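In the two assemblies presented below, chain A is common to both, partnered first by chain B and then by chain C.
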Partner chain A sequence: MTSLTLSPLAKARFTHVQREYRRVWVYVIPVTIVFAVVFIGPLAVTIWTALHRTDYFEVKEFAGLTAFVDLFSDEDLLSQVGTTLAFACGALVVALPLGLLSAIVLNNITRFTRLVRSLFLLPWLMSQATAGTIWLWFLNPNYGPATAFARSLGLGSTDTFSNPTSALIAVTLITAWWSYPQAMLLFLGALQTVPVELKDSLKVDGGNAWQGFTNVTLPYLRNSIVSVVVVLLMLYVQMVTIILVTTRGGPLIATETLAVRVFNQTFQDYDLAGASATALLLFAINILLTLVAIRFRRKESL
Partner chain B sequence: MTTRFPPRRVWLRAIPLWVFVVVAAIIVLPPIFWILSTSLKAEADTVAFPLVWIPDPLSFKSYSGIWNPTNIRFFANSLILAGGSIVLAITVCVPAAYVATRFRSRKLETFMTGILVLSMVPGVVVFIALYSMFVKTSLMNTYPLLIIVYSGMICGQTILFLRSFIENIPVEIEEAAAIDGASRSQILMRIVFPLIRPGLAAIAIFIFVFVWNDYLVSTVLATTEDMKTVQNGIVRYISTGFGNFWGLFSAFVLMAFVPVIAVFVAFQRWFIAGMTSGGVKG
Partner chain C sequence: MKRTQWSVAIAAVAVLALAGCAGNSADPGASDSDEAITLTYWDFIDPSQDTPRSQALKQNIENFESENPNITVQVEVVSFGDMLARLPQAAAAGTLPDVVKMYNPLVPQLADAGVYQSLGEKAAAIDDWLLPIDSLVDGAGEQIAVPYEYRSCALVYNGKILSDLGLEVPQTWDEVVTTASATAVAGFGGFGTGFSKEDNSSIIAELFDCFMTQVGQEPTNSEGEAVFATKRAEPFGDFLTDLRDADALSSSVVADQYTAVTDGLSNGTLAMGVIGTHRIITVQTLNPDVTWAPLPGVEEGDHSTTTFGWTLGIGASTEHGDAAWKFIDYLTSSEAQSLMATGGEVPVRASTYDNEFFSTPEAETVLAIRDYLENWGQPRQYPIRWLAISNSLAEAAQAMNLDGTSGSQLLETAQDTANR
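On to the complex of A and B.
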């Protein structure tokens, strides 16, 4: 092999390209600054705070892992992890099939498509604060239609949010109600990739709609179902607003998920170190879910 | 001969689909209709028993009653924050998305992965730290801080979305401009920017709805009443309201919903394109 000598022209081109590559970084400086302020800085501060004793919002002396020891020896933690699981899985079990069915229905109807799509999307167009508060009014124990309905059936007035179990069920269902259109949108995109020919050939062979669904559509959607599951779980694990505007985590701590615990520890208990430790635990769960998401996105692109 | 209506069998097969649509309507619509009904009732009728679904007489008092200076300020704040975030996020993200699409070096790929992973950090985690970082500074309760936070929250999705748009621009156009002596930044400003305008519109709509509908950022990082947003205004009726505030609350909720619905109806396709570009943040 002979050594490579560059012609003057090629050399000039080479240095030009190199300079260009160095200049590329200028284009990402603004986004780096924004991310340093919004994510990197706060994450560093969270770790720093979790390792110190805090008094109100003052960070005091170094305290090692005390905040984490406190966190994991807290009796409430187990019930909050349970609440988070029940909330996330409950909402998922409702929102996932609802989203998938809405997407399939929307994909198959031939008339009023825009109208039906708007109807399906309506809850999600609302803000989380709106979704939470309008259900609060709908379920109002004195004047809400839900109570009137229960009374007409001979049941007493229903104070949904004052009973621990019914409060958790209510916030879970409200969250599912608000979020199923997101699953629907993701499924709609995926349904477009199901080849029509396969369905047609099945029809020619005399298969019915159900067989078409289980043998053609579902296998095609398998990977997108997994990624929708991950997207929704991430959404539910970090959900604060709907719970905050309806129950604030109460009654007692019946609806306090980990994310709400972070909020309450900061703004009710003023326990900044504790909140930071909980926040890092939440962050770890999120990383886990992100890794699953990345794994499946790779598989999908193969 | 072409038939205007689908054949009979198709119609029969569509029945289960429409049954589902009706069920969905029964699940989706009642609380919305109840809010609409409450907002159009006279004050005393909002808590009438037995309850009334159709307001009689119709009253628009609630709608005129919500326009006090505090509430107007909430709307103005939301508009300013949404506008500012659209401008900042696009200014920051377009150059990054551009180089990420055109210069696929390994370092840059790693950098972009880092951006995406960071933007998946749960909001509540960073807000708490942001609060303790800024609570004693003069940046607290200012538009710039809130706008930077909002922009940071949506940069990941914005870049992802813009990348798919920039990928569709033929490189040859840019090469032709380069041969004519245009610099990299001129190519970006004069060629790429105009060509991705539809993408920018979609992402602007997405950012608008994101900021308009957000409750948490302004709850944590705006501690004074004059910096709160529309969503805080909605919740304020519930948390601090006294007497019978349900009519006003309902009217306010619907007024806060109008801009989003208007944008949705006007730009439905772009709206959905922007929304499906990722969408993890809650």
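On to the complex of A and C.
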């Protein structure tokens, strides 16, 4: 067995590499701590709570899977999952093209850019509670401007939130309106990476604007679209405030998504174990949707 | 250099940890006698506002502090909905306010959540409560709260609309349906109520509460189980379905809250509604055509109703029980209650009515409400799950209006949901 002898230069390089490795921990440890505190910890507490009996906000004795059995035997669960998906997909279908269209407009205008950008961003600058309250007032069947307008046209009042279907459509549209600027900003960043030369060469070849969009812009935006879909879906699946402010899940639980169910179980029924079980189901749905979207992204990248 | 960085980091963590441990230990071990004490008090009324009730509260706190220079009252403005969510959390965390103000139907639920400490004999020492206070006890029968103001349901109506249409003030629920239908035909809102769960279903829950007293039906049995789907309670369900069938309810009743009714009465678009007596003065200020009458009866001449209202209690985790009681004692005193009455609230102690304010014309409505409550009002021993009953009623009423279910189905659905 012969011992390995290093030249002074190799030794110095080895020591440098060792130091570099040690420095990595300076970055890894804080991130790990933060990740543990803001994600692993709460997740573990949620699982722990779901497996115990709770009395208001106190966790009592171990109860096994009782909360999950209650959750999956609840006759309202299926409709709440359906409402969650309808709400999330509905808002996405509206916000995604609206965000893309606004980003294209902003990317192409040369005058009043700041003013237009501010106007487009306005909904997102409001808190969700403010956005919900504004629409509640706007659509109020007694004194809302929408009712005044409808009446001036000889129509009746806008009883938007009194009917299960129109209430679900309304909260979906309000959420899409509030959140589309988020999609717009992400698309705007992506649009600015589309090479101008490609667009110019298409013009030289006689291509029109629509061909430029479908053949140049869209292929460059594909991965951004997937990212926006993931971000927005997560936002919608977990959305609580706008629904609480406008309908509180009604009428007849037509707008009670799983996230609203978690809120109601926690603060109205004081059923922390049940709320934790629902929150874990919501988490699983979120993971599933994200995995589907990520899979799309990989395929597109190939 | 690296050592210095690590030292700074460790010091920072240590400071944060110590700050976390320090948490809630203000005034540790302070005795309630002469040492400086800060009492935390949660109220939904903001004393910095310009309304009569806000000003009365502000003045009362200032007067109390000048009488007790070692006690400072720190008011935290918390909405009713937030109180319901936050008080049980604060009870679990041991961070309750020293003085808790709460709407009495929810007191048993919050007592069950460990929000209150027993008042012992403190409340019993006061012997001039206008109505018995024995309904404000916990499961063990301990007094945990005292009344702060009284209110009940009343028929509030627009006198001008009724007289213009040649209609009499209804005396029975059947007459309410007929009158509301006639006003709806004339283009006004008929009978104002709301089935939204947004504000904890408060307007439908109040109506149900008063109606149940009138028909003599307890909402729950001794085990706390909802048992109101009975023949005796049927007039309540029938009243709502009759209103629906007579087109006397607002088209937006499913989404309407308490404010939709008070707004409708204030702006003259609504003919009548059953609302809390505490709202009468505010609505009358905005619309002088609005007046009120005792609750209509199932039988003519019966105006029985439930008396409810806000209460005061001491937070279970307080270290200043004596100071907290001192503040409660002051807020229920003749001086403080007279000031509150200027904002339209009905005082809870008989001695308050000796104050000269009650011989002025401004006190007329408050006195009339007091007489109504004394003659017809009955306090209720609320069940622990009153909130579940309220919300299940709102949901069942939504189904009644949207799906056309009957009055008895409304009661059965609400009962089943409440017990689920």
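Observations on the model:
Here is the rule we use: the second predicted complex is superposed on the first by the 245 of 302 C-alpha atoms of A that agree within 3 Å, B and C clash if a C-alpha of one lies under 4 Å from a C-alpha of the other, contacts with A are read in each partner's own complex, and residues count from 1 in each chain.
Just so it is clear, a contact is a pair of C-beta atoms (placed from the backbone, for glycine too) under 8 Å apart; a residue touches a chain by one contact, two chains touch by 3 or more.
Not measured: the values here are computed from a predicted model.
Shared-chain residue A:57: touches chain B and chain C both.
When both complexes are overlaid on chain A, the residue A:270 reaches chain C alone and has no touch with chain B. In the superposed pair of complexes, A:250 makes contact with chain C only, with no contact to chain B.
Of the two partner chains, chain B is the only one that A:209 touches; chain C does not reach it.
Of the two partner chains, chain C is the only one touched by A:159; chain B is not. Of the two partner chains, chain C is the only one that A:141 touches; chain B does not reach it.
Touch criterion not met for A:77: it reaches neither chain B nor chain C. Of the two partner chains placed by superposition, only chain B is touched by A:128; chain C is not.
Within the superposed three-chain arrangement, the count of touched residues of chain A is higher for B, of the candidates chain B and chain C. In the three-chain superposition model, chain A touches both chain B and chain C at residues 57, 142-143, 266. For chain C in complex with chain A, the residues that touch the partner chain are 84-85, 88-89, 91-93, 112-114, 195-198, 250-255, 260, 263-264, 267, 269, 387-388, 391, 394-395, 398-399, 402.
Against chain B, in their complex, chain A makes its touches with residues 20-21, 23-24, 27-28, 30-31, 34-35, 37-43, 45-46, 49, 57, 59, 101-102, 105, 108-110, 114, 116, 118-123, 125-130, 133-138, 142-145, 148, 177, 179, 182, 185-186, 188-189, 209, 231, 234-235, 237-241, 244-245, 259, 262-263, 266, 272, 275-276, 279-280, 282-283, 286, 290.
Those residues of chain A lying in contact with chain C across their complex are 56-58, 141-143, 156-157, 159, 161-164, 167, 247-253, 266-270. Those residues of chain B that touch chain A in the complex are listed here as 6, 10, 13-14, 17-18, 20-21, 24-25, 27-32, 34-35, 38, 46-47, 49-51, 53, 88, 91-93, 95-96, 98-100, 103, 105, 108, 111, 115, 117-133, 135-136, 148-149, 151-153, 155, 159, 184, 209, 212-216, 219, 231-232, 234-235, 237-238, 246, 249-250, 253, 256-257, 260-261, 264, 268, 272, 275-276, 279-280, 282.
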